[in-house]
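Below: a set of structures, written as C-alpha cells.
Consider the two complexes below, in which chain A is the common component and chain B and chain C are the respective partners.
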Partner chain A sequence: MGCGVTKSNHLHKHTTSSGRAIRAAILIQRWYRQYVARTEMRRRYTWHIFQSIEYSGEQAQIKLYNFLGYLMDNFTPSSNERNLISHIFRENEVCRDAEWERYFCYKNIEVPEIYSGPHLTFPLTVEEAVGLVEAFRNKKQLHSRYVLQLLLETWKLLRMLPNINRISTCHSKEITICGDLHGQLEDLLLIFYKNGMPSLEKPYVFNGDFVDRGRDSIEILLILFAFLLVYPSDVYLNRGNHEDHIVNLRYGFTKEVLNKYKMHGKRILKLLQKIFSWLPLATVIDQKVLVLHGGISDSTDLGVLARVDRHIYISALRPPKKRHHSLAGISIDSDTDVDTAAISRVFQRRASFTYPKPLGTRDCFQNRSLQDFSDRIRVNMENQLELSRREEPILNAQINKPEQESLILSTDSVSSDTAVDEWKQILDLLWSDPMTQDGCIPNEVRGGGCYWGPDVTEDFLNRHNLQLIIRSHECKQEGYEFCHNRKVLTLFSASNYYDVGSNRGAYVKLGPDLVPYLIQYQASSMTRELTVRQSVGRTERSALRVLREQLFAHKSDLLCAFRKFDSENTGLVSLNDWASAVESVMHLDLPWRMLRSQLVTCKNSEGTIDYYGWFNELAITGSKTDHIDQSLLETLYRHRSTLETIFRIVDTDNSGFISMQDFRQTWKLLSVYLKMEITDEAISDLAITIDSNHDGSIDIDEFMEAFRLTDKKSRLERGRSMFMGTTSDLTKLEGDPNI
Partner chain B sequence: MHSHTEFTPDQIEDFKEAFGLFDRVGDSQVAYNQVADIMRALGQNPTNKSVNKILGNPSADDLANKRLNFDAFLPMLKEVDAQPKGTYDDYVEGLRVFDKEGNGTVMGAELRIVLSTLGEKMNEQEIDALMAGQEDENGSVHYEAFVKHIMSV
Partner chain C sequence: MAENSKSAEATVLNAKILKKLKGAFQAFDTKSDNTVDIKEIGTIFYSLGFFPTQADLQKFTSEVEDERSGYIHWDRFLPAMTKVLLEDKFPPIADELLLQAFEVLDIEKRGYLKPEELTNYMTKEGEPFTQEEMDEMLTAFTDEEKKHIYYKDVIPHLTLERKM
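Then we have the complex of A and B:
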C-alpha cells in the first residue's frame, strides 16, 4: 500500500501509528487521573486528621471548663481546690469604672529613649495606623504604654456600638470581608498588600478569631483596633469564639501576651477581656447579607441578639453570673442553685433528632479519660432525659447518651429561662457549624453550639428577610466554601493553617449587587515552590506524625482494647480488629485501614498486627524522664494542653511560676478530673525533675519542656513557634506575577 | 486476557472504608459521578468511557443524581480490575511512538498536544501538573525516566 512519495509515506505511517498514538495518550491519561484521585483522597484524610484533632482539642477545653465549673459549684467555699481556680470565675470583680481606669492607667508608664518602635498619639491619625502596620512588618513591638492607651480608646469606642452592625454598600463601595486570622500576621499583611488597607473608600469587616494559635495575635489586634479608631464607620469587627479569655489560656494568646509584655501583660489581658466582651456579635450588609463568626441554630433570633447585654458574656462558655448590688453599690457574685432542669429542657427542645452527620457519628464522649465525673449530676440528667423520652418520640437514640450533659454542665446561677436562651443564642452564634442534612443538633464535636442544616438556613433567611450568611470558624482548603445551595459561605483567611501548603486563605468583596467575589492567596514563598504532590506529601507527613503521637499517648487504653480482641494473648490482632480497637479509643472517625500502612511499619503476617511491636515503634522517650512511671508519662502527654491550661489558671499573678504547694494541688485536681490515682510520691518525682532552683517554685515552661510535652513543630495545640515567612519574602512579592 | 483474581475479605474491607469516605450525604451510597474516582483511589485506572459503560451509559442527569451502594459497587470494581492496567513496558512502548529520533526522548510540546487532543483529553492545568519538572532544557522528556517516575507515585 502507499506510493513512493515521502509525504504519503509519512501519512501512511501516521495513520497506522495514530491508533497507537491514541492508545498511548489514553494510557497516560488514565494513569494521570488515577494519580489525581489518589492524591485527593490522601489530601482529604490528612485534612480530616488535623480537623478531628483540632476539634477534639476544643471539646477537651470545654469539658475542662465545665469540670472547673462543677468544682466551683460543688466544693465548699473554703476548700483548697476551689480557691485555686475561683479567680477565673470571678469575672466582674469589685470595681467600678473609676477603679478600672486607675487599674489600666498607662500614664506613669515611661517610654525609654532607646525604644525604637512606633510612637502613637491620640486621637490616632491615619499615618500612625499605617505606620503601625509597617512597624509590625519590620518585627517591631509596640510599647506597653501605647498598647494600653490604644486598648482603652478601643474599649471606649466599642461600648458605644450596637450588638449588630448595620452597614451598606452605598456610593458603589465594595465591602471587603475577612475570616479567621488566628494570629497569622503574614496573611493580614498579604490581604492589605493585595487589597489595600482600610479607608473611607475601602471598608472592611473582620469576622472574628483574630487571636490564638499564630504567634502575632496581639499585633493583629492592635492593627485592627487602630484602623477601627481611625475609620470607625468603615471598619467592623465581629466577635469570634476565640475572643474569649478562657479559650486563650489554652490556645496560646495568653502566653503570647505574657511573653511579649512581661511587666504589663496581665493588665493588658484584663483589658482585652473587657474589649472582647464588647465586640459586636454580627454585621448586616444592606439588610440582606449577615456576617457572623460561627453560625446559627434553629432558635437564632436577630431581634433577641440585638437586645442582649452582650458585654456580660465575658466568656461564651459559661452563662453570666447573677449580680447583686450591696449597699456600697459594689456588685458581688452570688451562686444560685443549679437549674439543671431548665437547661436540659432548653436543650431537649432545641435538638431535633435527625440523621447523624456524614463520616459517622462523632461519639467522642466515650473517651474514658475525659468522661463526665459527676455521678450526682448524671443521675439528675438521666431522670430528666427519662422524662422527656417518655414525652417526645426520639428518632435517633444515640443522641441521648448521658455524656451529652457535659454541654449542659456549666449551669450555675442561671436565674431564668430567658437568661439561658440569651446565652444559648450567643453560644450558637460563635460556635456552630453547618451540616449537609436537614435539622439542628448539638455540636458535640466542638462541645458548643450546633450543627445546622439547609432547612434551618432557608427558614432563618426567610424569617429575617436575608439572602446570604457569611461565616468563618472552619478551615477550608480553598479558603472558602459555599454550602446550603450557596446560601451559606464559609470564609477562612489563615492560609497554611495546619501546615505549610495545607490550605489557601480567602477574602470576599461585596458590591451593591451583593454578589460575592472571592480572592484567594497563600502566604509564604515556600508554598509557591512546592508542587501539589510535595505539598500534600508534606502536610500528610505532618498529620501522620501528630497522629502517631496521639496514638502513643493513648497506649494504655489501646492495649486494653487490643487485649479484648486477643483473648489468647498471642500479641496479634487482625486488621479489622485493629481498626475497630483504635477507633473505639481515639474517636477520631478516621479511615484507619487506609492509614495503617503509614502508621504501622513493623512487619505483620497474613493480615495481622503485632501490637506490642507497634507500640515500640511509637514510643516517645527521653533520658530525663526515665524514672517516671510510664503510664503517668503517657497521661501527661495526652493531657498536656489541659495540664498547661490548669497551670496557667493556677498561676494567678501570671508570673510563669507556681508554688510547690499549688503544684501538688493541681495534681490532686487533675487526678479527680481524670479519675486516676496520682500518688504523692509520683508528684514528688515530677517536681524533682525540674527543680533547679530549690526555692519551692516550679517554672511552668520548664516543666512542660522537661517532659517533652511541648513540641515546637506541632501547631495544633500551642500555636506556631516559627514565623512562616520573612520580610525578604514579602519584598519578593512585589515582582511576583502570581499574586 | 481475563484475570480471575478474587478480592480477599481484607481487601473488601479496605474498599468499604474508602467507599464510605466518599459518601458526602450519609446514606451509605455514592453518586454515579464519583464512581470513577473511587475506583482510581482504590488502585484502578479505568477510562471514563469504560466506567460509564459499566454504569449503563448514564445520562448527565443520572451521573449527578443517581446513587449506588457498596454492594452494587463491588462487582463493578471487579469488572474494572479484570481489565489490563498497563505495565511499565506498555507505557514505554506507548511513548516510544512519539520518539521521532529514536533516542529515548520525546518532545514535551508534542506530548502536550497529544494529551490535549487525543483520547480522553486533558486540560492545560492537568498537563502542566503532569509534566512539572519533566522537561529538560531542550524541552525534551526522557520517557523511560518519566514512566519510572509516574509509576512510583
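Then we have the complex of A and C:
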C-alpha cells in the first residue's frame, strides 16, 4: 500500500525526536488495540462453541430420559426378569421412613484404624465443619460412615424447611450469595478464603448446581451440608437443575460418587436423591430480592411454589406419577427389589411381553414431554408393537384392555392438570434463561424451562412486590452479568468453567440497602495470573478440539451437504460453499469462514477445500477400531455421552462392568432411540474389541476410552507448552499453514 | 472503457468484502436483529484489519449512530463501511513499522523497554491507554524474570495472521 511507505518516510523524516516518539507510541497503541479486538472475536466464538455444545448435551439428556420414560409407561415389565432401567424411575414414596432408616443405616459401617480422614460426631460442631474444609483442602476423603450420617442429619433438617426461605439482613448483616459451583472445590475454598466461612455473622445463600462436571462435587455437598447443620439459620441452599439424579448420570456426579465410594456409593446416591428433592426452591431476602437457580416464566407464581409438595419431584425432568395400584397389581412405583421384566423384552421379537400398560394416553405423554419428539418414538414403538402383535396373537386380547383402563385414568385428569401446572412451575424455576426480547418462549436449546423477556421480569416483580432477581445457571465471562434493566443478576461462581482461563467466578454481598456488591476471582494454580484475554488462546484451542470432534461426528451428513455443492464430483468445494454446508448441518451459528484456518489445513491455492482429505485429518485412529465400520463409529462418537449414560443406567450394581447380554440390550435400546440399524454382527464386533480378557463382561470405562477421537492437529497441540511465556512458539503454530 | 473495468472491479471487490463485513457484523449481533452495539464498532474495524484511530472511530460512529438506541443497524453500517473501504480511509500499517516504532522508543537501543517507560508513552502520548489497557499490556508482555519488555519477542504476537 502506498500509504504505508509514506508513513515510514514520515517517521524518519520528522526532525523532532519527541514527535517521532509520539508517532511511534500511536502506532503501537493502534496495533495493540487491534490485537485486543481480534482476541475478543476469538473469545466470542470460543464461548459460543462451548455453550452450544453444553446446552445441546442437556437437551440430549432430556430427550433420552423422555424416551426411557415412554418405554416405561407403555410396556410393563413382566415379573421374573430383571428390569434394566426401571430402577431409575422408581419414586420412593411407598416405604415408610423406618424402612428407609434401615436402608441407610450407617451403624454397621466400621471406620478402620488406618483411616486418616476427619472424624465426625453428631450433633456436628463448628470445629468439625471447619475441620472438614481443611481436610478436603488436604485431599482427604470422608469415610462413608460419616457421609451417610451427615446426609441423614441433613435430610432430617431439610424436611422441615419451607419451599421458599425468607431471610433478612437485619442486624446490619451482609448476606453472601454464591452461584453455580459445579464440583469445583478450589472455587469454594477461594470464596471462603476471601470472604470467610459461614457463621452467625456471615450468612450465605448457595444458589444450586453444587455438583456435576467438576471433580469434587461430593466434597462441596458435604461442606455445604455440614455448615447447614451447624448454622441452620445462616446457611441457605437452593436447588439447581443439576441437583437431579437423572442429570447426574450424564454429567459426572454419579460416576464420581461411585468411584470414590465403591462399597456404599449406591446408597449414598439414593440418599442424595431424597435430599435433592427436599432442597428448598428459592430464597427471598428482605421480601425484596428473589434468589433462585434458573429463572421465571410468565406463569411463575410464588404462591403456588410455596404450596407444592416439592419432595415428590425427585427429578424435575419428570412429573410425579400417580400411583395406580389397581391396574397391574404391581405398582410401577413400588420400591421393592422384586424382579420385574427387562425392557429388553420389547426388542426380542420372538418373545411375548405382557399387556402394555397404558399409563399415558398419547395426550398425557404430550403434556409431559419436554420436547415434541414423541411422534418419532411413537411411530417407532408402534412398529415394534405391530410386529409383536403379528407374532403373538395372544396379545390381541390383552391389548384391548387399554380402553377400559383409560377410563379409570380420565377421572384423574382434573388433579393431573394441577400436577402438570405445578411441575411446570418447578421446571421453569430450575431451567429458564433470560433473553433480551420481550415475551416468553420455550427454551428449546436446553430442552426445559423458558426464555423470558424484560417485560415478564417487570410484570413478575410488580406482582410480587420485589425489586431484584438473582439467578445463576449460565456461565458468564466476568462471573456475573446484569440484564433486564439491572433487574436480573446472573451469578456464576465456577471460574475456569469451560477451560482454564475461560471465565472468572463471582459472588455477591447484599447489605440492608440491598445494593449488590460483586466480588470476582479466578482460581488458578498457575504462578502468573493470566488476563482473561491472554487465556483465550488456550481456551480457544480446547474449543476447537471439541468442535473438530463434533464435525467428525457428523461426517455423513456433512458429506451429503458437500456433495450438493459439488455436482461434478471433483471432491472440492469453495470456501463459501464449505461454510454454508457446515452451518446447514451443524446449526451452531458460528463464523465458519473465520474458523476455517483452524479447522481445515488442506486448503488448495485456488481457495477450494478438499473435503475428503479434510475428513481424513479428522479421522478416528487406533488399531483397536480399524475393523469397525466407520459410520457406526461416527454414530457412536456422536452419541457417546448418551451411550455412556445408558451404560451406567444398565449397570445396576454400579460395578463399572456390564454383562455381554446387557451390552447387547443397550445397543438395541440405542438403535431404537436413534432410529438406526445396528446389526448383531456390528455389535459383536464392538464387544470383541473391548472384551479383551474374554470373560463375557464389558468394562464401561475401557469401552469409552477405546473410541476416543484423536486427530493429528490436536495431538500436536497437546504436545506444545502452554501459552504463557511461549509467545514465539505460538506464532510459529499459527503462521504455518502446513501444521 | 477504463471506467467500465474500474466499476466491474469495484463490484467484484464488493462481493468478497460484503461477506467479510457481514461475518464481522454478525459476530456482534447478539440480539439477532441486525444491529450491533455502538461500542463494538472499534472491535469490528480492527478485526477486519483496519487501523482507525480513536478519533476516526468517533467520527464514524457519530455519522452512523441511531440516536435513540445506541445501536447501528446493518442498513446504515454497510454503506458507511463501503465508503470507508473504497476511500481507503484506515489503511493497514505495515508490520515492519511496528518494530521501528519500538526502536524509536528504545532510545538507548538496549533491545528492551522498561515497564515504566512503556507506561509513560502509552498512557501519556497519542491516544492514551486506560489503566486497564496498560495493566493488561504489561501483564502480557513483560518478561517474568527480567521484568523488561523485549519487544522483538512481543511483535510476532501482535502481527498474527489477520485474514478471515
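Quick notes on this one:
Following the convention adopted for this analysis, the second predicted complex is superposed on the first by the 566 of 739 C-alpha atoms of A that agree within 3 Å, B and C clash if a C-alpha of one lies under 4 Å from a C-alpha of the other, contacts with A are read in each partner's own complex, and residues count from 1 in each chain.
In this text, a residue touches a chain if its C-beta (ideal position, glycine included) is under 8 Å from a C-beta of that chain, and two chains touch if they have at least 3 such contacts.
Note that the coordinates shown come from a computational prediction; the quantities given were computed from them, not determined experimentally.
Contacts of A:597 after superposition on the shared chain: chain C is touched, whereas chain B is not.
In the superposition on chain A, A:40 contacts both chain B and chain C.
When both complexes are overlaid on chain A, the residue A:437 reaches chain B and chain C alike.
By the touch criterion defined above, A:31 reaches both chain B and chain C. In the superposition on chain A, A:687 contacts neither chain B nor chain C.
In the superposed pair of complexes, A:607 makes contact with chain B only, with no contact to chain C. Applying the stated touch rule to the two superposed structures, the overlap between the chain B and chain C interfaces on chain A comprises residues 20-38, 40-41, 44-45, 436-437, 531, 533, 576, 591, 593-594. Within the complex formed with chain B, the chain A residues making contact are 17, 20-38, 40-41, 44-45, 355-360, 436-437, 531-533, 575-576, 579, 591-594, 607.
By the touch criterion stated above, chain C contacts chain A in their complex at residues 19, 23-24, 26-28, 30-31, 42-47, 51, 53, 88, 91-94, 96-98, 100-102, 104-105, 121-122, 125-129, 133, 136-137, 139-140, 144, 153-154, 156-164. Put simply, chain B touches chain A in their complex at residues 8, 10, 13-14, 17-18, 20-21, 23-26, 36-38, 40-41, 43-48, 86, 90-91, 93-95, 97-98, 114-115, 118-122, 126, 129-130, 132-133, 150-151, 153. Taken together, the chain A residues at the contact with chain C in this complex read 1, 3-5, 7-8, 11, 20-38, 40-41, 44-45, 436-437, 528-531, 533-534, 576, 591, 593-594, 597, 725, 727-728, 730-731, 734-735.
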